[in-house]
Amino acid sequence: MKKFFKLALLVTFVLAFSLPASAQQEIKIGVIYPLTGPAASTGHVLLEGVKLAAEIVNGKYNLNMPLGKEEGLPNLKGAKIVIVSGDHQAKPEVGMAEAERLITQEKVVAIIGSYHSAVTATASQAAERYGIPFVCEASTSPTLTERGFKWFFRTTPNDALFAENFFQFMNDVKKKKNIDPNPVAIFNENTLFGSDTTKFEEKFAKQYGYKISGIMNYPAKSTQLTSEVQKLKSFGAKVVLQTSYIADAILSVKTFKDLNFAPDAIIANDAGHIDPEFLKILGKDANFILSREVFALDLTARKPMLKTVAYMFQKRTGKPMDGSSSRAFTAMIVLADAINRAASTEPAKIQKALLETDIKAEQLIMPWGGVKFDPQTHQNMLGRGIIVQIQGEKYHTVWPFDLATSDVVWPYPKWDKR
Amino acid sequence: MEGVFAQTLVSGLFIGFLYALIAVGLTMIFGVMEIVNFAHGDYLMVAMYFSYWSFALLGLDPLYSLPMVTAALFALGIITYYALIKKIINAPMLAQIFVTFGLLIFLRGMAQFLWKVDYRMIPQTVLSGQLQLFNIYIGKPQFVAALGAIICNGLIFWFLKKTKLGMALEAVAEDKEAARLMGINSDRMFALAWGIGIASIGVAGALLSSFYYVFPEVGGNFGLIAFVVVALGGFGSVAGAFIAGIIVGLVEVMAGYLLAPSIKFLVVLALYLAVVFIRPQGLMGKA
Amino acid sequence: MKKIIPFAIFLILLILFPLVFRNPFPRHLMIMIMMYAAMGIGWNIIGGYAGQVSFGNAAFFGVGAYASSVLLTKFGINPWLGMCAGCGFSVILAIIVGYPCFRLGGHYFAIATIAIGEIMLGLFMVWDFVGAAVGIYVPILPESFLNFEFHSSKAPYYYIMLVFFLFAIAVNFVLERSRLGYYLRAIKDDPDGARSVGIDIQRYKMYAFCVSAVITSICGTFYAQYVLYIDPQSTFNLMISIQFCILALIGGLGKLYGPVVGAFVFIPLTELTRVYLGSQGQGIDLMLYSLLMIVLAILRPQGLWGLFARGAR
């Protein structure tokens, strides 16, 4: 008899725990990234950024960011964020299919994605068709916010804004160091990224009163760049603005050295020049290159909250936080904040809340002025890039001056004087 | 700008020597057994990876690992012949095309699987730095590569024309039946052709890895260029490949200089089309 | 008569599919299968039947996609008309390419098709009028058959693709039994013999190539209207061209059902390998397919794949 009683008690116990907990609402957010294929490592890094943000939102922490102190979403009775991921393999039609799957089968209330601009284009199109908010955290092609979409929001600055950063930086350096960065030459690769950037550089050069002494759009993945660099030399510019992916970035610096080319400054545009391989392969030859970046770990000096988050990220993944994971993290926070303010999972209410977003600079781990979406284009107007310089084979933030941890070295030292 | 023009010419010339070396194996294989090796560029990729890993794991400068890489690729060529090519010597062309093309895809897939798609480059080599002649700069690695290509091409040419084994190879290319009647084992000759052909790619890859980056798809463009060179030089002609390689190198840089860098590769491809339409046997090929 | 029954069952299953599977994802998969099958059939006509291996058929796919999209975005021309224009352009391209190239031997032709594919890619990457590297966003219009856009459901896209697929099958069927088909087989099996009985090899290969171009071009326009965004990388891609060959080879060269079987096997298999083996990028499935390709080309099993047997040189 005793045995039976014990068994019954055990069974009841087990049943009690296997019964669904008092309906804690789950908020499903879809994320679409390249989880297989060439960009898979970046895709996973982005995913980790989003997951960390969700963990912070869901858990009890003491961080000065939206939902950084509460557990779950308070306006939705502590509801927790659940992430559902999709893999787009860098193919636009798969991105579209994944968006549809997440929306119709997984019933996500919003989507974050997708790194590759071409895939973000189609995935967000699906979201637009279904009326689901889509937050873009890393695709910078300006055309994405020029489509008149109502459901598409972009937190990251776009390539136009990044190109403008070059000229703002040069103006600031001009004042501070009393040097003349005119004329400039443009040396960009010729795929989407490079050609977009060229257009904006031309536009802002005119706006900021800079003369362009030559433009060179070289084919990405050339077998050699000697003639291109020779031609670049002949432009006689003081500053070279360069946009390259990793292979060409490395090849160009080697060619610069071989041809003894050292203008007053080389300002690169993220991508290849901030890839870890760049520094690894070039070693001290990489010194003194300037680059626009979206993020830098040395910002922790000015942003203590970043230190905590970066540390958490490093512990979770074994990798340092970077521009991709930090922006993915931020997008999740922005979205969670909007859903909370909407106090609802209805897409239209989330959309409205997103439009009303107003997050202050101190509440972000990014070096931005805040998050506020333009009512027409839904582009975050307060974002900005930073400029880093490689000094002593490490990246240092040198601009904006109020976030800088090191003074900029200008001009770029000649090769025989290093 | 005179200086730029001269510089452009010189870099075109030097890369042309390398293109010639890459193409010579392709033309030799075709000359001996009339098979087009679509996977040719991807053996270059394999050679470059061997070079890279010799450096990364054993600390060997590509110049020192060159003999090893060449030997490895020689073996690879022979293995490819006995494992695959031998079986399709007399097969319809469709089958031959599919086998070597399948090999292309297989090599790329394997590279992607084993070594991922990241770009890799050997940081500092024994050959870093540049040489200066008047106001023309030549990277040391490029100079050595060109030199190596000339030497290697010369060796192959000498081998084919002046040694007994080489002449046997040519005999098989001329007329397989007649060669057999003279006691030459065509099977072994074919294997040798593959061995030498792929070994020359090994040399090219080792030389290239001292200044170019390697990734699974790197064989693509170089492979296409090899076809252009072979078509221009004439399928089967080693001397033709040498001259054509230089021409293609010059055309590429001139197109970049005179027209626009973004389309220089397209001009090279257009050159292929022009050659096969106007003079399919190329400069020195068998009609 | 016997062959009709399996085909009819196949057809009925295809028609019923969207009624059973109502979620967009399975429908999307079937649409992709049918699209690739149709283009595989297009490839097979020139590659399997006429024996000219083309590694550049994606050029027609791209031309179809771009023709209709550019005409729509720049001139407001209806995509259905754009599709016809795309077919026209593709035929012109086929003639320009085919006329000089067919005189070349198989290798020259194959390499030439690769060269042309790459040239198209390179050109479209720098040509501003068609959007260069940015690509083209097809404007989102109210859904209707006339606009060739549907938003609330994939079913209309599915049935349109089904029609195109059946069209490709029909064309192949008719061609097989026509004089053109007869000539093509003769040309492939014994070109010298064919020439000696007065068959104009050039002309018939050209017809085959044009048919191939049209089928592929139609699918290109469909793709543009389905995904609503195109760029050079997703349309003028060498991998797309290669996939057509793999499909036809796996399923059976020179047989009507070849590419169909190939597509129904290959495409879902790609999905599976991606899900289970994908962590290393595409490496493994590429290796598998290429091995299959090599083995099939070496073994050349008779019966189903007998068309290798008396190949031409």
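Letters are used for the chains, namely A, B and C, taken in the order the chains are written, and counting of residues starts over at 1 for each.
Simple rule for what comes next: a residue touches a chain if its C-beta (ideal position, glycine included) is under 8 Å from a C-beta of that chain, and two chains touch if they have at least 3 such contacts.
The model shown is predicted, which means the values in this text are computed figures rather than measured ones.
Across the assembly, the chain pair joined by the most C-beta contact pairs is B-C. Look at the CA centroids: the one farthest from the centroid of subunit A belongs to B. Rounded to a whole number, the gap between the C-alpha centres of subunit A and subunit B is 41 angstrom. If you average the Cα atoms of subunit A and of subunit C, the two centres end up 38 Å apart. In whole angstrom, the spacing between the mean C-alpha positions of subunit B and subunit C is 32. Each of the following residues of subunit A touches two or more other chains: 38, 190. Residue positions of subunit C with contacts to 2 or more other chains are 125-126, 281-282. Listed for subunit B are residues 117, 260, 262-263, 265, each touching two or more other chains.
Residues 36, 38, 84, 87-88, 91-99, 101-106, 108-114, 116-117, 220, 224, 227-228, 231, 260, 262-263, 265-266, 269-270, 272-273, 276-277, 280 of subunit B are the ones touching subunit C in the complex. Against subunit A, in their complex, subunit C makes its touches with residues 23-25, 28, 32, 125-126, 132-135, 137, 140, 151-152, 154, 223, 226-229, 231, 233-234, 274, 278-279, 281-282. Residue ranges on subunit A touching subunit B, taken from their complex, read 38, 190, 216-219, 221-224, 226-228, 230-231, 233-234, 246-247, 250-251, 254-255, 257-260, 277, 280-283.
Residues 35-38, 40, 87, 89, 91-93, 96-97, 100-101, 104-105, 118, 121-122, 125, 128-129, 141, 143, 147, 190-192, 195-196 of subunit A touch subunit C in their complex. Contact residues of subunit C toward subunit B in the complex are 51, 53, 55, 100-101, 103-108, 110-112, 114-116, 118-119, 122-123, 125-126, 238, 242, 245, 249, 253, 280-287, 289-291, 293-294, 296-298, 300, 308, 310-313.
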